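Order of writing sets the labels: A, B, C, D and E. Residues in every chain begin at 1.
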């Protein structure tokens, strides 16, 4: 239960800090000082926008995002490996080397397909 | 106007009165050295968005088309806010501004604008001067309250004007076949990195420029305010009454212009402090500064990352470069320079400097090299003069079809690259830049 | 806190997720439902590991495999959504009446 | 493993974060003045952060047409909170750690990964195009630095055979990780600068977006956001000092002093990068991260394993 | 402090209920950004549950993974949902009653099994979990570990091949289409809606969707979805009107 207490402290810290910021924000004044419509226009150099900026935004890196989604999972396996690998010795290095090589092939493929940049 | 806590004059505001003054610079036509002077003052911090500013500095002449955007930028500054307008001493220019913007502090070309800014800032924070009221009427862009089934102006899934504006629509994509939404935003004329007075109607597909049009807000007419400052190095044709023109004055103006440009470019790439240093040099370059200039040149050439991030961006070569002319052409290896034909310049041993690649990197190299060369020429020139035909303007002249040239250069680029391209070419926009737009649209159709 | 509690929470997450999968028209919203269902199974796995499996590390391995499956599901789902949108301009199930490209 | 009472942990971390943010702000001004060629501004640099903060508190808070107000308000609060959590797991000395858990390294990584989340709404919520582009850029940036960051963190746990930061520092008793795993610290700092989007990797808040996700913010919001970024830089410096520079280990001086000296040194390096290196392009950043940095980080892990056998 | 059993119990039920509530909110909000972040909140609450159930490593790694995954979820939501910010309230659902019934049925069945079935009572001893997990992965479950790597590689390759618009040989669609029957249409530019005569065999689905279309203002909207838009179902018309 000692560990839970420490995590409780971390959680308290997160909530307390966030609450402090929100409190400070509230104390510093009301939002928008009752701003007029022109005062609320988004900044683009002086002219108002034609449409809402919120749109179906074409994020050009979606292929890289998919790559990340799968590649990220590798970390799940690697942290436990790092903890025990000295007890297991050279076999552990061999296993992780195979694992990393397999995943590195994925990056190599993405790079060869030129899928990492903006599409 | 309510600033609820830390009211002007209160203890918090008194502490804040000693802060670096956040300034948003709205460059009108003929803004002169205003921005460079502010950049070179450590008590002032030039910011990229009016939301972060307290002082709005307007410089030079604001034509009638830019009056409303200026007022909007003014309103976008959160209170407390003050305006300082620096104008040339044209006929009645100061009085006209005082009449139209009674809350603003107006200064002439001879006054110390930085000191005025700091003073006005302190006054408003110490409560000795009221914060400025909004200039535009409180009118929503479209009637939306109580309209539609939810009272927010919308209809259906994507229709209507929810909260005053319509939603973006879809368009086929140029690059990868996902036809998602495109958003048209008119950028400028007071975007910090933009050339003076340029307005680009950019259609975004994601962060990529889908299409570009040039809007013209510069047409002269009634309602324009302020006069250009005399020290506007962009045209560098000097006083039209005094002909022929002295070379040393011309070349120093060229050097100042290039250095001001460089200061802005460095800020665009996030190098604020270095930009400040360059702005200090730009304030008044004299031939003795040439050692500093060479030093700066060496230093920037050694800045590996700056070279890498500017290389290959906004490449303009060949016919496109010839169409631009000026610095852009010379950066692409074309030795076009009006000075080449001048006997006076030939006597000074002038030969145009050129670079090869015509990309962002070669354009800043070109400008730096020309700035150095200009100072050398100014030092050697004595009282030599040059006639009108052989004056090479320091600024990048805009081609007749500015919209077409920018469209070619920007379409399909990521916004950061597109902006870097515009900023590194930095054309001097003239009235009528977007005037041929309907004609071109017809031609395309 | 008990095994039964964990299983009830797990079932609730699974139920909410299933509701999402069945009711949503948009492909991505359906995927959110799937993620919630997997989320529920994760709670059940951890609960069973703690109270019914004697803390065998195989239970933890199972949980990790569930997470991996979730990532693979998400990646393949998004890739399919992208392909379908590109070729058919379909973003909701009603627009997709044949699966052939 | 000792139990630190929650109030003591909160107070200690709050003090540390406050001091770290102040040092970072002063260092930023001092380095900036030096690069700009201004001398004799040291006195102003010391008081500057307080005056700037006072101005932000006096200034009205801007809003836009139809923002997502709640998400917008939460963004800086959560970012700062996560920076504080990240600071809390780093040990000051052998016996003083605010949040002492076995998997401290993973908790740090989780706090960093979660810190990606508030940045996006900070740009998205204002319903304005330039901040919106900044928000999407940040996701691209985050997906690129995340793997080098985690792999660099992982490489220090290999010689220690532990995910607890105390063990990781102790494992550097003979040789600091910066020497033993030479690629780790540069990778970690690069990723860290990306997390705080600072300096050359300031993609979401860059000048080309008019301030990016900050373009529509002012007043108290901007103060919280700037504080959060500096706090995140501080968290990264502290972690870098503990994981790569031997933490509290060092001769003569007490352990805490060593830890502070190393943290401040890394903090100054990170902060100065803003004035010395130009901002990179988003697409190049992504491609280089994946094609160069992640393979390097994988090699780094294997090297770490090989040297610690 | 969370070290007392009562506090642990309270925390368990609090975060457990919160995980379900935030999961439910995913389908209630109009804003897709909020939906993604509600899903993330659900995962974070489950992360805390795992922590309370002594799977310290699983909990942290779940939080770490899901932060990245939900960021990606958010960008895909914003790309592929119309009206992603929910500026106009909307409710894009079909077969709503069946879905509610299915959800409730699944909950009742699974919770019932959980409450009724007799599970072996073998509580775990306190142990260094991460280390045990590592030993397991390098020992008995080594095959799981390596085949997970292979599965991830296969996913990467498949995802790139599917999602990428171009390969090193140029556009992904160049030469990859079956020749169209109608010479005027290319597959990639095929109309969003298939020809009307293709409906046979899909009548059931049509009926389901139609139920909601027709249910405008009817009982459907009332079931916990008050205040949301059914008239939004005219999105196809809108979409075509606004497209290109």
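The criterion applied here is as follows: contacts are C-beta pairs under 8 Å (C-beta built on N, C-alpha and C of every residue); 3 or more make two chains touch, one makes a residue touch a chain.
As the structure is a computational prediction, the values presented were derived from the model and not from experiment.
Listed by label, the chains that touch chain A and also chain C are B, E.
Taken together, chain B and chain C share the touching chains A, E. Compared with chain B, the chain whose C-alpha mean position is the greatest distance off is C. Of the two chain pairs shown, A-D and A-B, the one joined by more C-beta contacts is A-D.
Centrality by Cα centroid goes to chain A.
Computed from the mean C-alpha positions, the centre of chain A lies at a distance of 18 Å from the centre of chain E. In terms of their C-alpha centroids, the spacing between chain D and chain E amounts to 31 Å. Mean C-alpha positions place chain B and chain E at a centre distance of 47 Å. Looking at chain C, one finds that residues 64, 67-68, 71-72, 74-75, 78-79, 82, 85-86, 89 touch two or more other chains. With touch defined as above, residues shared between interfaces to two or more other chains in chain E number as follows: 1, 8, 52, 56-57, 61, 64-65, 68-69, 72, 75-76, 79-82, 85, 87, 130, 133, 135, 137, 148, 152, 155-156, 159-160, 163, 165-166, 173, 188. Counting partner chains per residue, chain B has residues 3, 5-6, 49, 51, 76, 78-79, 141, 162-165, 167, 169-170, 175-180, 183, 185, 191, 206-207, 414 touching two or more of them.
In summary, the structure contains touching chain pairs A-B, A-C, A-D, A-E, B-C, B-D, B-E, C-E, D-E. The part of chain E that touches chain C in the complex is made up of residues 5, 8-9, 12-13, 16-17, 19-20, 23-24, 26-27, 32, 35-36, 39, 42-43, 46, 49-50, 52-55, 57-58, 61-62, 65, 69, 72-73, 76-77, 80-82, 92-96, 98-100, 102-107, 109-111, 113-115, 119-125, 127, 129, 132-133, 135-137, 140-141, 144, 148, 151-152, 155-156, 158-160, 162-163, 165, 173, 177, 187-188, 190, 192-194, 198-199, 202, 205, 209, 236.
Taken in their complex, chain E has these residues touching chain A: 1-3, 8, 48, 51-52, 56-57, 61, 64-65, 68-69, 72, 75-76, 78-82, 84-85, 87, 130-131, 133-135, 137-138, 142, 145-146, 148-150, 152-153, 155-157, 159-161, 163-168. Contacts from chain A toward chain C in the complex involve residues 62, 65-66, 69-70, 72-73, 76-77.
Listing the residues of chain B that touch chain C in their complex gives 176-179.
Interface residues of chain E facing chain B in the complex, by the touch rule stated above, are 79, 82-83, 87-90, 165-166, 173, 188, 229, 231-235, 238-239, 242-244.
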